[in-house]
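You will see chain A twice below: alongside chain B first, and alongside chain C after that.
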Partner chain A sequence: MLHRRKLLAVAAGGLAAPWVARAAAMPGVTKTSIKIGQTIPYSGPASAYGVMGRAQSAFFKMLNATGGIGGRTIEFLSVDDGYSPPRTVEETRRLIESEDVACLFGSLGTACQTAVRQYLNARKVPQLFVNTGADKWADPEHFPWTMGFFPSYRTEAQVFAKHMQRNATSAKLAILYQNDDFGRDYVAGVRDVLGPQYDKTVIRTASYEVTDPTVDSQIVDLQASGADMLLTAATAKPAAQAIRKIAEIGWHPLHYLSYVSTAPAVVLIPAGAENARGIIGAVFLKVAADPQWADDAGLATWRALAEKWLPGENLNDLHTSGYAMALALKQVLEQCGDDLSRENIMRQAGNLHDLEIPVLLPGIKVNTSPANFHPIRQMQLARWTGTSWERFGDVLEGTA
Partner chain B sequence: MVLIAPLGFLGDYQLFRLTLIATYALALLGLNLVMGFGGQISLGHGAFYASGAYTTAILMTSAGVPYWATLPCAGAAGAALGFLVGWPALRLRGHYLALITLALATAIPQALKCKALEPWTGGVQGVIIDKPGAPFGLPLSPDGWLYLLALAITAVAFTLVANLLRGRIGRAIVAVRDHTLAAEAMGVHVARLKTRTFALSAALTALAGSLGALETEFVSPDSFTVFLSITLFVGSVVGGVASIGGAVAGAVFIVMVPPLANSVSRAAPGAVYGVILIACLYLMPSGIAGLLRRAAASSWWRKRKRGGEHVA
Partner chain C sequence: MLGFWHQILAGVATGGIYASLALALVMIHQATHHINFAQGEMATFSAYLAYALMVSGVPYWGAFGITVVLSFALGALIERVLLRPLAHAPDLTLIGVFIGLLLILNALCGWIWDFTIKPFPSPFGSRPLLGGLVSSAELGTIAVTFVMLLLIWAFFRFTKLGLAMRAVAHNPESSRLVGIRVGAMLALGWGLAAAVGAVAGMMIAPVVFLDPNMMSGILLYAFAGALLGGLDNPFGAVLGGFLVGVIENVGGAYLVGTELKLSLALAVIAFVLMLKPSGLLGRAVASRV
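Right, the complex of A and B next:
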């Protein structure tokens, strides 16, 4: 018995020794390379988002061809998880335990990333720029190794609420929201801004389930409340239904619409482009459809890069946002200098100051601090003219 | 013994993958019982897998039940659900069961998001659970312990099912598959037998789901979409439907092939997966287990047999 125990102790010591030695150094980093991991759906129901990973791969290829970062090339391991949380767990564990990546970057999906958040934080591996709109990634107090990137749904709601506070004559707001994290983030965002005024201002809220066939009755109910402003936190189909129903019953509220449903081809045109006229949405990216950016230098740089390193790809706005994220990572790694330990990567990610990314709207600056894990907190409002989105006013900032 | 050996030299991640294989093998064992031996098609075993996973997650987080006690509960929950579905559905023949189980697999993720159940299921958020550590001060990592646990449960389940199939009930199950009328004439209560087989099958798959939840430490509706059922179906067919060993081969396929497809082509892993799948079905129409059996029968077995005759 004693023998075996001693043997096990020796074996455990032997196994632990290289790990301890490595922990003191920098996992995934050599003199000439940095390993970075990512899980993203290249297959399955959400595979449309896979293009973001492809855009990022192209960017890192370009970077490596021009000398890398600080003399190190980026070894970018972007793997498919099919948008299935169990596979995310499996692939993430492979990246950390078998590939030994320095950090994860731009991994996608709220449920998928929730599944590995605890694991990554326990192991102290940076889960950088999580690619979802949920607000929960900005929680440095409980999850100091996790950070989102894009404006969260909650931030967008804050921007809407601020605009409303400044411009509305009356103060009667109705909210239509999807009954899940996504929808509830909007209610929370409005509450953040209105504070004690919330109960007075928000005179009616109605929720719907993803499975509900229509939202007609909710719209009728909201109109009956006498509200003259409406915030719709809905995904494409119910948003289109809501817009159509509002026009049908002759209601003319000042209508704010979640950015997940601002795509003309998917929502506004099916709902009737005329019905949607006057709707207010929020944007943060230079979208290709906006004629103002036809000759934009930031977008042109990206297009030239994509042409060379991602030939034959049909570029869309998702590519652009993936590229924006990669530029932010480049900044983080450059700030790290020669200390590419996981601690320092996370410290620098929380230390971005007024970073301007050329494919984001002018005036939007990326800022983080140890207490603020919301890299993009600003958006600009835009109004649907019946044919296109027209941006107006200044860039607005959500509350932290 | 050979199967316990990896504990000595494999890292946690490799053990985790072996645990996944053992878990899927258990799930496929359940499915093979219905498909291979019962001769029915189920496209909904992901639903039973989910029921086991959620039973464990909910009991652990909401009721504070220790993880080991949730395992039998998960099996019971799966059996109950299997019985409820099978009781009416198995009175229908052939494709109707496939459709009904497919409907179940489609409905389960939505049902899990249901508002009324949200305090327990966590809605779309899912439930995070803690991976259990090794008991009795065993010098094992949590992954090592789970591997041992999954291996033990799977081994016991395989032995029990093998015994069951060798005996009277097994013969009845196969008789119903091969010739229902004749089996009925022999005194087999067809509907009852089918329902009970289905419930047992669901229980095995639910037990696997419970282990799966412990391994990934997380359950959510997105974890158990209809794709899971399809994956299990594919694993069952590729492994070899009418065999117990096929469940293990199918599990290896399920765990190993998707990452392989991704490493071949990131642009279209689905297409690569499809090609591999078609190649498997074309080259091994009776599954991996069937191929191995045939290979053994044609070379080694015959040689040995012939050698035996010479001596005699």
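Right, the complex of A and C next:
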């Protein structure tokens, strides 16, 4: 028995060996195609984000119809993980181990992607352009196979702090933040910019738990501190509660609001559009609602593409940001030329220089290097007028 | 010092929220001796029913009345369909059913009405009072809680039906022997608890915004409040709700910081229950074997 098993093993090894050797060189790549994987919620509580994956699928379909990249078509496997980390792990393993994709692209969710980060780095598979705002994706020293894309929460806080430093007459800042990685990224960003001034400038911070029914107590506390500026790092519901409570108690701080909660229909209008007047947010995308972009060529190209390859879809800004990400991947793959090994894909992702993406605000350029895994580090500020966001000032850059 | 009173007031306002849901928990406990983990989601679902009615043009009080009646019917239906077959099942099975119900109702709300927050009107308006420290919606919530408290207390204390319900919860076999319809009483208990929860949901939604997870945090505090005050006493539950709100706010602002305010409130409760296991106003029950 033992003898026969050994024989079988040798035979199997012999059969598999050439395939293994080739796969090790350029997994997921043939002469005519590149296989790319993604996990994203098409179902469950975060399914609204699924449209980003749909926009990307449409883009790759268009690309394939016009010849692909370097003669190779893109086989884009975008699968549903329901925003649930255990399913992310299962689907990611399947994509790597049975589908043998070249890299992962634009997978969504901080918790979901954290669950597979270690695995992907151990397997040396590029975890490219992770679709969340957490800052931890830019850690090339410890996780050289992982890179984010959008400005991180920390970058946004840095931009806010820079604006505050330049324009504030006094310097008494209060911070309301969610007590987790998301909220703490903002505190860290403010600290990055203020440095030794932090303790003098930030006179009060208050955190809340996601289980807290209201943030009234925190707002009352922050107002009592005498602060005249407030940074709110909160998700939709607590942000809306904070905006309403601030108006009710007649507090008028210069109010900076995390971009997680700047959507008018989701936060500002439920909180009372008038209550929110004067709030400052940060933007990096050309939003469709801005009349300035009515005839913009970059957006028009995208709309024409969507009309053909995503017919009947009700387009929103999430689609646009998914498209922006796909354009960056196209650039990476083009830079790779004929060497589509996982090593080279990662090398080229860390080698983007002044890439301009036509749906990002003018002046915002994508830059990466082996030490800088923050592709977008610039944002522009905007003020809520009671009916719309009005951009002002120059594009500001976060610190490294 | 002014800040201190502000925190107390804000604590009373959120305490009112906990108290109103705690009342629904006491109601179901009085009627069935179970703790219903789905009570919060049932209240959320009721609030969504009211929201749907108002969106389709029904005026506020009409929607309010219809929702209370519908919720009563739904509560009784849940008892008939889900719990009746499990009348003799072990407690663990029931907990499984309650948690399943919680998940189903939560997902159902999200599926039908999506997960974004929605503003919900309050019959008391949302004018800021006392310099914005309390809104008229919050004061209204507290007032409605007290009215419900009196109604529930009077119902259990002075009506034959209330007495029968208490009897069934304590000892179904003996109750049946003296001619009480046990099944009907249990269904009635579920219906009433759902109706009380519906009122709580419609009062809470204007304060915290309506969303499918509206009650998940509040339920924790309401449990804490009900346990602190005594699960078998509506006055205790309301008192407990207010105490939790105030302890949490004052402790968060002055003693331990916002990060530990929930832990502090729960530690206080654990301490009280060690000294007085049946809660501040609860009665210790002795059963003869």
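The criterion applied here is as follows: the second predicted complex is superposed on the first by the 378 of 400 C-alpha atoms of A that agree within 3 Å, B and C clash if a C-alpha of one lies under 4 Å from a C-alpha of the other, contacts with A are read in each partner's own complex, and residues count from 1 in each chain.
Keep in mind that, in the parts below, a contact is a pair of C-beta atoms (placed from the backbone, for glycine too) under 8 Å apart; a residue touches a chain by one contact, two chains touch by 3 or more.
Note that this is a predicted model, so its numbers are computed, not measured.
Undergrad: Quick check on the chain A-based superposition: chain B and chain C, clash or fit?
TA: Clash.
Undergrad: Tell me which touches more residues of chain A here: chain C or chain B.
TA: B
Undergrad: Can A:P45 be said to touch chain B (first), chain C (second), both, or neither?
TA: Both partners.
Undergrad: Which partner does A:R93 reach: the first (chain B), the second (chain C), both, or neither?
TA: In the superposed model, A:R93 contacts chain B only, not chain C.
Undergrad: Name the contact category of A:D290: first (chain B only), second (chain C only), both, or neither.
TA: Neither: A:D290 stays clear of chain B and chain C.
Undergrad: Going by the contact rule set out at the top, does A:D80 touch chain B (first), chain C (second), both, or neither?
TA: first
Undergrad: Figure out whether A:E209 sits in contact with chain B (first) or chain C (second), or with both, or with neither.
TA: A:E209 contacts both chain B and chain C.
Undergrad: What is the contact status of A:I249 with respect to chain B (first) and chain C (second): first, second, both, or neither?
TA: second
Undergrad: Could you say whether A:Y119 touches chain B, chain C, both of them, or neither, answering first, second, both or neither?
TA: Only chain B is touched by A:Y119; chain C is not.
Undergrad: Touching A:D192, do we find chain B (first), chain C (second), both, or neither?
TA: In the superposition, A:D192 contacts neither chain B nor chain C.
Undergrad: Would you sort A:N179 into first (chain B), second (chain C), both or neither based on which partner it touches?
TA: Both chain B and chain C are touched by A:N179.
Undergrad: Out of 1-9, 55-63, 91-99 or 235-243, where does chain C collide with chain B after the chain A superposition?
TA: Of the candidate stretches of chain C, chain B runs into 91-99.
Undergrad: Shared contact residues on chain A, chain B side and chain C side combined as an intersection?
TA: Correct list for chain A: 45, 179, 209-211.
Undergrad: What residues of chain B sit close enough to touch chain A in their complex?
TA: 8, 11-14, 16-17, 20, 110, 113, 115, 123-126, 128, 139, 212, 215-218, 220-223, 225, 227-228, 258-259, 261-262, 266-270, 273
Undergrad: List the residues on chain C that touch chain A in their complex, please.
TA: By the definition above, chain C touches chain A via 2-3, 6-7, 10-11, 13-14, 17-18, 110, 115-119, 128, 131-133, 135, 204, 207-209, 211, 216-218, 220-221, 248-249, 252-253, 257-259, 261-262.
Undergrad: Going by the contact rule at the top, pick out the chain A residues touching chain B in the complex.
TA: 8, 11-12, 42-45, 47, 53-54, 57, 78-80, 82-87, 89-91, 93-94, 96-98, 109-112, 114-115, 118-119, 179-181, 209-211
Undergrad: Along chain A, where are the residues that touch chain C in the complex?
TA: Contacts found on chain A: 45, 48, 179, 206-214, 216-218, 220-221, 224, 236-237, 240-241, 245, 247-250, 265-267, 270.
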